[in-house]
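Two complexes come next, and they have one chain in common, chain A, joined by chain B in the first and chain C in the second.
This part shows the complex of A and B:
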């Protein structure tokens, strides 16, 4: 009986497993192999040696170091900020007495807007033309600051725009998830806590936060992964020559190594991709370990 | 701590765009609950008893009227500062905290001079846990407990801060029959032991009768009657109260007062002292019937249910108010009618027969006695 069930389960899973094998496992294995083959050439399909040369090259490449630094900076700034803002806005939204639906829709709009369209809008706000310094500089000049060249100026200004943009783009989804999580908390828990004289702040920290913690950790984990894989956001603002702008990301570096103006190095690209994979894997494992300790759903109540 | 209501009223306004009219959930409550009393708010669902409870604890603010705890007017005091303990119908235990953490949660809110040390909290929590007999479960999570255990935790959490008043919302409705019986005795014991004024809400009249010092019977937001369970059972103020209390329910007949006699289905059943001639509603408790072949009042027997010491006769009578015409008489097993008998003749116990106005349902008082 049990055996039969297992066969059936495997049968149902087979299509998905096949797809995963062909489009995920095989390429991953292939990339892994590429990354150790020195000087691989697509056209002739030959290489002249196996070893760690690719990794050594990539890790010494100043463009890779720059991309790594940019990506880490982006991750470190946007993940906590976007999650924090999303939490703040969601809590504010769910305590609204009226018009909740309207505001929820407004906050969700950026999510259904095309990345490049948002990029255009950001260029209007931050970009410089022969005729104006952009909306942001106009605002800054009111308080007597600027003008700052956000697109082609100092590193901090460029990083600010990229982070601003990334947070703006990922915020709606996080708000959606968190408002749903907040709405699913049993209202009687809040009533019980209030009757027991609990302050609003303590209700938030001791009841609301633990109750939505599984969703919060989900958002943090996917947020980390998403930020490490950032690429299109940078392109939308700074154009395709990210190396020149000094704003390349890890995924951008991999892409450039394959197809960019200086491309044609699948071995280096593979090595960089494997390095990115290892970084994301490590961070995700750490995240999962932390969430297992803090999130109440895995805290021993359910076995 | 006395609890006094002064013209307490809660109206929920009609919602715009819907056909629902304004609802008066609590209508002019005006009575006092004495210190240390266990009071049951009893009524069918939708009668406003939960609203009343929420007004007492402060989760709702009244439209009109005032609430006093002792001498203190608490009407405007927010829920956080009222100092009541409440056990919710679904218990509302914090699922991410252990039993111990749940119980000390209210204590951790105490600030300033009331602030407790860790040891004091543990002592108080252990005392509360001992009271409800859950001392061995302190490190479990609520999801690992049975319904009855969860409820005990909820009671311990409500009691641990020594509330001025303890409120229980349908405390037994989520428990199975056996546990219900056990828990209601438990609630009575805990209440007697702590002496805290306790108000609970229920739709189950048996539950209310069995443990309350006094019952407040409610219907459509209005108090129908307040009194000790036995008083309300024996001496209901109106037909609604008479029908709501008692299992099996009271039997209601059309009757006539005529010639100093009470007639049912055209035959005289009892003598009365009034000369009035009028239609009347007669309600007779199931235990108010005595088998007596010598009297003219007879019912057609449908079934006899054996209950041990007593038997329950299910009969029909054309003068019954309800459409099925079915009534129930509980009689001594020794007088049970033989099988195959189609008609049973009943004499009535005058003290178990209640008279009501057929239009308003209000109680009518007339001296009743056995016919000679």
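This part shows the complex of A and C:
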């Protein structure tokens, strides 16, 4: 009887395990092997050595350096700004007496829309039309600022558009998580503080922030990971030839190595992907150590 | 002081709401401007003067938009259905049937969640290319099916259903599969629906994998379709027609969101998806 039951449980699990083995476990093992196979030829499936050549090649590739610089810049700008801004908006939203539902719905809208589609709208807003410098420049000229080419122009301008769009895309998720966290803070704490005559600022720093700190750290950690994996947002604005636009990201570099005009090098792609993974892993471990030290402990679970 | 804070709060929220809504407004507005009028503008116009539906005609006739939409619908439905079937079965096995080592296996499964997609995509791409599955629906669908996260979410939910129901069903001679389909699934309908909707959103917006595995426009999904539109376009750069295509592509999800907004937001908040 018992034997038969085990057998049936495995049967229920089989489809899922099969899919996971074929599309998750096997490729994961394979990617490490690929990254050490030197001179792998896609067409004939042969290689002529094992070693670190792929890693050396990637680390010396100017396009990789460019992608790394862009990604670090994007991470350094968007993670603190989006987290801070999300916190500001969430606190403001939670203090609202009415219309909370309406604002929450509007703020969440970017989450469900196609990144490519809205990115192209941003392209149109920031780009030029045949007889004008485009909407953004029209607005800038009102305050007396001169036309800037946001799409093909200086690096700072392009980076600004990318960061702005990235923040626009990631905020809905962060606002949702933070408003949920704020709503779950025990109201008695606030009442007790108010009876004691505690100021609003002090309530925020001493009660609100510590109570939502686990969720805040969760957002910072996932925010770093997400920003390091940026890609679709850049494609939406600058097109698929990101190397030429000088706006490639690390994930974009991996895919360009794999496929497309510059593709056909799965070994280089694997090495670059593993380097990216190591960077993310390091940052995440550092983040976890910091959050463990700073986070307010309730003794229970995060939620 | 208190009044000032309250005023600033409203300003902040309204400004951000406008910033969120503006791209959608601009998309809609531009899609109704005629090609000539849009390109002749010296100063961008914020209101509609001569609305035209030409762009929508152009979007459907100039490029195979309908084909892209159909492909995406087919891809989304197949992927979501397959994902639901294997996830429900697996979650049931972990939550109810259990067997020696099932806890350990589940732990291993959870650790798979930490694997970044970027690492896995490379070799999956090579494997499927070798199998000749490029530019095919199996190539698009199969790698998108497995999801550890949804198995986890379902297992948690299944475990909340009292054991006594299961034993009662057993006494009545109900088979496991029948119990799963007739008792467990109906009781867990909210979670099942949430997962379905989240997966549909994910599929509709999929870009990276479809882009890798297809380079034949006959198999393009909407994301790749609009990227193609942008790069090769309507024979000429036609922004209003492009915006019309974007409206068509975005509308289904926006409607889905407005109908199920509470369920979607609750599901995302609970799951904490999307890093």
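Definition applied: the second predicted complex is superposed on the first by the 274 of 303 C-alpha atoms of A that agree within 3 Å, B and C clash if a C-alpha of one lies under 4 Å from a C-alpha of the other, contacts with A are read in each partner's own complex, and residues count from 1 in each chain.
The working rule: a contact is a pair of C-beta atoms (placed from the backbone, for glycine too) under 8 Å apart; a residue touches a chain by one contact, two chains touch by 3 or more.
Computed from a predicted model, the values in this text were never measured in an experiment.
Participant: For the overlay on chain A, clash or fit between chain B and chain C?
Facilitator: fit
Participant: Tell me which touches more residues of chain A here: chain C or chain B.
Facilitator: If we count touched residues of chain A for both partners, the winner is C.
Participant: With the two complexes superposed on chain A, say which partner A:142 touches: chain B (first), chain C (second), both, or neither.
Facilitator: neither
Participant: Considering only touches as defined above, state whether A:210 meets chain B (first), chain C (second), both or neither.
Facilitator: Touch status of A:210: first partner only.
Participant: Which partner chains sit in contact with A:31 here, chain B, chain C, both or neither? Use first/second/both/neither.
Facilitator: Only chain C; A:31 stays clear of chain B.
Participant: With the two complexes superposed on chain A, say which partner A:202 touches: chain B (first), chain C (second), both, or neither.
Facilitator: First partner only, chain B.
Participant: Determine, under the contact definition given at the top, whether A:191 touches first (chain B), second (chain C), both, or neither.
Facilitator: first
Participant: Note down the smallest distance between any C-alpha of chain B and any C-alpha of chain C in the overlay, whole angstrom.
Facilitator: Superposition on chain A places chain B and chain C at a least C-alpha distance of 12 Å.
Participant: Same chain A residues contacting chain B and chain C, which ones?
Facilitator: Touching chain B and chain C on chain A: no residues.
Participant: What does chain A use to touch chain C in their complex?
Facilitator: Per the stated touch rule, the residues are 5-6, 8-10, 12-13, 15-17, 19-20, 23-28, 30-31, 34, 42, 45, 88-89, 92-93, 95-96, 103-118, 120-125, 129-132, 134-135, 138, 168, 173, 176-177, 180, 200, 218, 222-223, 225-226, 229, 231-232, 235, 239-240, 251, 254-255, 258-259, 266, 269-270, 273-274, 276-277, 280.
Participant: In the complex, go through chain A and note every residue touching chain B.
Facilitator: The contact residues of chain A facing chain B are 186, 188-189, 191-199, 202, 206-207, 210-211, 213, 296, 299-302.
Participant: Touching residues of chain B toward chain A in the complex: what are they?
Facilitator: 57-59, 79-86, 88, 90, 92, 94-96, 105-106, 108-110, 141-144, 157, 161
Participant: Which stretch or stretches of chain C touch chain A in the complex?
Facilitator: 5-6, 9, 12-13, 16-17, 19-21, 23-24, 26-27, 30, 38-44, 85-87, 89-90, 92-94, 97-100, 102, 105, 109, 112, 115-116, 118-127, 130, 142-143, 145-146, 148, 151, 176, 201, 204-205, 207-208, 211-212, 222-223, 226-227, 230-231, 239, 242-243, 246, 249-250, 253-254, 256-258, 261, 264-265, 268-269, 272, 274-275
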